[in-house]
């Protein structure tokens, strides 16, 4: 039995944390947040060089041959750092390509996506399941608009969610138009992407196991991002409570704040295993994998919103300033909770799965 | 403008508090709670002698000529004391009789009910509005069973809720059978009452303003009982926190407990005005009276449950014992929340009223 | 009980309505409108409607305390959309302080221009690091050559963009104990030694400013009260501020907006207001909103009768904060993916649901401004319930 | 990651299943059944399945630590409905303490009869007034004529009805500082100086007892460790207790019962489980139940690998308590008017929904037993997050 991190997994997280401490340092992050850019090439490059984009792609397809657990651990660290870039979309497009049955498509695109040179992003709407996707397709072209696409200006490839729960890989260019949207999440800015008879590179069948797997994996990875952000909010709050003095004592000594921090820690730390399990269950195709993914998305994105609020309160005035930067994670938590459907929607889905499983 | 208590109102509460401190003292209450009795003649008599049963009955009908606000203030103190007896039913039956159009019925029953000699209790089921009552009637007799009737063994009169939202006054005796029920609320034990062609003393028309007014008044009075219980729970907790020492200090000095007590106080004290307003609005037949009654019942019974839980926690082990007695109010709070429909049901009713008022 | 204001108040209301109907007819714009308003306010003072607590000699109308009349005035001015008193820290905090503790010369010099809006006052209490422990201020004032020379930094000043003056807590007695070393100084912000900088908040907007003092100066006699008594003097002021926080109408209005949002937003293809879970959540919030409303009635009624309303006054701020949190969380749930859209900058904010993002974040600002919720709970526990003070919270 | 137990464990499981299939076939009742169980347990010890941490010379099976095997044993015994170790404070708390700190003679005398269920131990720590400040115990022990003479009162003793013996914190050194004045004594409860009384709880049931000591006595050498070291010795014990609290299966089972309740109960004419607000509330609880379950997996996995799982171990008790509160509130909402019915006394409780009243009140008992939630949060904040200790909480 192994339900704690291996030394290799801890090492990957450490190395990623070290890289991001440099490439997404405070100055970089604040400059990005204050700009209108939805992508940051230098830090993206640093992630690519770690081989992160193909982490869950089989070795024979050029990836690291690890699983969704490892991808989630990486996304967690990216969430901690508030890293820009469509990490989730890139990882999932790499997996999608590696599983696509056309060797021509694989040959043309897989290496670039695994390497991260071809930036790939998800163009799904925020329906709580693939059946709610709305872009029309005839198998050859796609037509429709998807709002809230991350890093759309930088993207070379869009993994588009199509009517009835299919997916189409579409290349930037002909028939693809991008309109920036003012974005709450300033570290992962979003745009509306309009496809007008845009040519399809590859279509994944509506309702296919691959599509469902990728959707569930996306739920888990956005939960991982939320989890990392919550860890960051907790860590900033605890550090602040140790340093900051009032009435001659570090404020973390006062029982009320201490208990608020303990409650935040409880919310964060107890969610870790649920995140791991949801990823593991998808890796292992366990019967409750889809239920676990929905519950992880619902529970962890709720916790992240709650912890981000508590973090601002624990800081007092300074936490409410733009410059301090807590708001970067507050906004990112709000976004993670809204992406791919709300907690309430996923709880309802999970309840239906529980019922149809006869429990 | 007068939206605080008059000296007269404060004096009534004080005098009632003084009386109950004697007639429902700790020993009396615990003996009652440990017995199977659903009525306590001595303390009932002491309330009757204060003229409480007719407090909201017009002077010309033999009452004190005060209003529902005053009735609620009295019930609040009874709730504080955990007083036994069907105070709410008695007060409302007195009002019902005073408004009944048959002078014969008034002459025969009103004085006895106002004096409290004829014990009167509500035999409504716990539907959230009169339309949900279920006892069948042909105007002359009633047939059906009502569970959870307070002080049924002592009652001489039952104010029965009938199909479609009417009411029938029925005397104990012929066609009325009582079956004790094991009761959560040990200070106001309940029984199932079965009416089998029991003769009707007086019938109130289904859907009549009197019936609706009395139902809304009952909501407010049970909210008042809940409010009084919450005050008692708070007061016991604050006293305990001042007396009890741990680590060499009164535990009320520790910030965590202090804040829990402050939160309890906030729940209690902020509900007081809502209770007053709901009673005042019924006294004055304001357009939002029924909305206020529903909201008061929902909000205040929720607060009482929450405060009773917090009180047990604030006491630690001693609060969890039977002998300490907190459980009397915990159980009474649970009962008040369940009587005449749940908080959720009343919130839904209030929402519908808000909508039909065009807001 | 009786919620009517009584016959006398209705006579007063009728007179006031007449006055407003005749006197408040703005036609102009720009400077002409400003002049019109200034003249209107002077007339309203003359009639006893504005600045009722301020003596006539300083520009007030010097009326006996009458909270019912004050309420009628608020209602009728609002109904006529007529401008009431110039708001802000100057009239709410400084003027009462000067009336209680200022010298005759200070009253003469500062009150009238404050009431007329010529002097705009920033509050100079908080500093980086003071938080709830305001008495730990470090900004220094030294008396040199007949003037105070001030060095340091103040933060969280509202009206900081427009402020012409500041009342501030300044450490003038470095040798004295913590609280005893502070004086209450007034200063002119338009001088070379003062720099101001907006503080951008997490909403992206700048509601507050910080001020830097680099050998800023103020005359020796611009001190209110004695040297070293500033802490006590500032406490008077804070009481005024607290009494002015919290409005039942404001919360009720916000709640009705939340209900509107629930009608506009569709979830799973139907208006959110039809979803039972949303209805229950709204109903829970409404219970608190009503509890707050009738609590404010209680306080108002006691004030009218000159009675003490008790612990409820200590709770209103926390109540507003907590209800604000509940509304924020519900708004966030209602917004769904709309929360991904950042609202435009202030002034240009559209009517789209994304404007609620401001409220969602603003509810956090509420719990910080004017004392954190932890301080509020301490106050309720200690002053309200009589629980023993935590020695660790004493400076 | 891998949730399977590995091939070695499955071989072990197969052997264990064989053993249980052959050896656990109870046919009798009453005393014969008791004798059968006693013999079965001895065989199970022989095979290394029970009392794995206790040396053979004292009646254990003396097996190397192997949490995977221990888990397999729990699973298979439960599956076969076979009796595991005699539970309670004796085996969970006293035996580990004696093994660590007891004299050879104490081990010989007390451990075997405890493991076989002949000695039932009550814990004598709490007293009226001690609460979380256990070191404030006042029950006195004086050494007179070769025996301890004990006077005072202990409270909250579980298994108090059946207890034959007690391990207790007794103040034997009145002149010493608070913690240093306490000794860890063992005593026989069947003596004239000891009176026991059940404590009726708010549920109406009596789960705990209190004990009164009026010149009760115990031999001089029934002290574990040195005089005045009782506090430290009891801390060892408490760690054992904490590690044994909280079971993922228990919570999951309770949650499934709650879902069943929501299916049975009708509200407004339909099963409550169909109401969206109830579904959401259940889903929120389920999120926490899963968080707890996979946290216990983490702890288990670390224990199997002999690694430190970190802060999560400090949180399990609070997590269970908080989830219990959430379930209680939801159960109360589901019950509706059914909550007005008191369930019958223990043993005769029917299957009606009113039986949930016990759980609703019991959830409050949870937050009290074994350290209040406030103490739990202190521990998380101070030991887990490294926040400074509050000097007021030091005795």
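To keep things simple, chains are lettered A, B, C and D as they appear, and every chain counts its residues starting from 1.
Here, contacts are C-beta pairs under 8 Å (C-beta built on N, C-alpha and C of every residue); 3 or more make two chains touch, one makes a residue touch a chain.
Note that this is a predicted model, so its numbers are computed, not measured.
With B-D and B-C as the two chain pairs, more C-beta contacts join B-C.
The chain with its C-alpha centre at the largest distance from the centre of chain C is D. Centre-to-centre spacing of chain A and chain D amounts to 41 Å, using the average Cα coordinate of each chain. Counting partners per residue, chain A has 249, 253-256, 259, 344 as the residues that reach two or more other chains. The set of chain C residues that touch two or more partner chains comprises 276-277, 280, 374, 377-378, 390, 392-393. Note for the complex: chain D touches chain A at residues 1-6, 68, 256, 259, 276, 279-280, 282-284, 286-288, 290-295, 297-298, 300-302, 304-305, 307, 309-312, 315, 318-319, 322, 374, 376-378, 380-382, 384-391, 393. On chain B, the positions that touch chain D within their shared complex are 126, 147-148, 181-186, 190, 244-249, 251, 253-254, 256-257, 305, 309, 312-313, 316-323, 326-327, 330, 334-335, 337-339, 342, 344-345. The touching residues of chain D, counted against chain C in their complex, run 275-277, 280, 390-392.
In the complex of the two chains, the chain C residues touching chain A come out as 126, 128-129, 131-133, 136, 155-156, 199-202, 204, 267-268, 277, 325, 332-333, 335-344, 354, 357, 360-361, 364-365, 367-368, 372-374, 377-378, 390, 392-395.
Contact residues on chain B toward chain A in their complex (touch as defined above): 254-256, 259.
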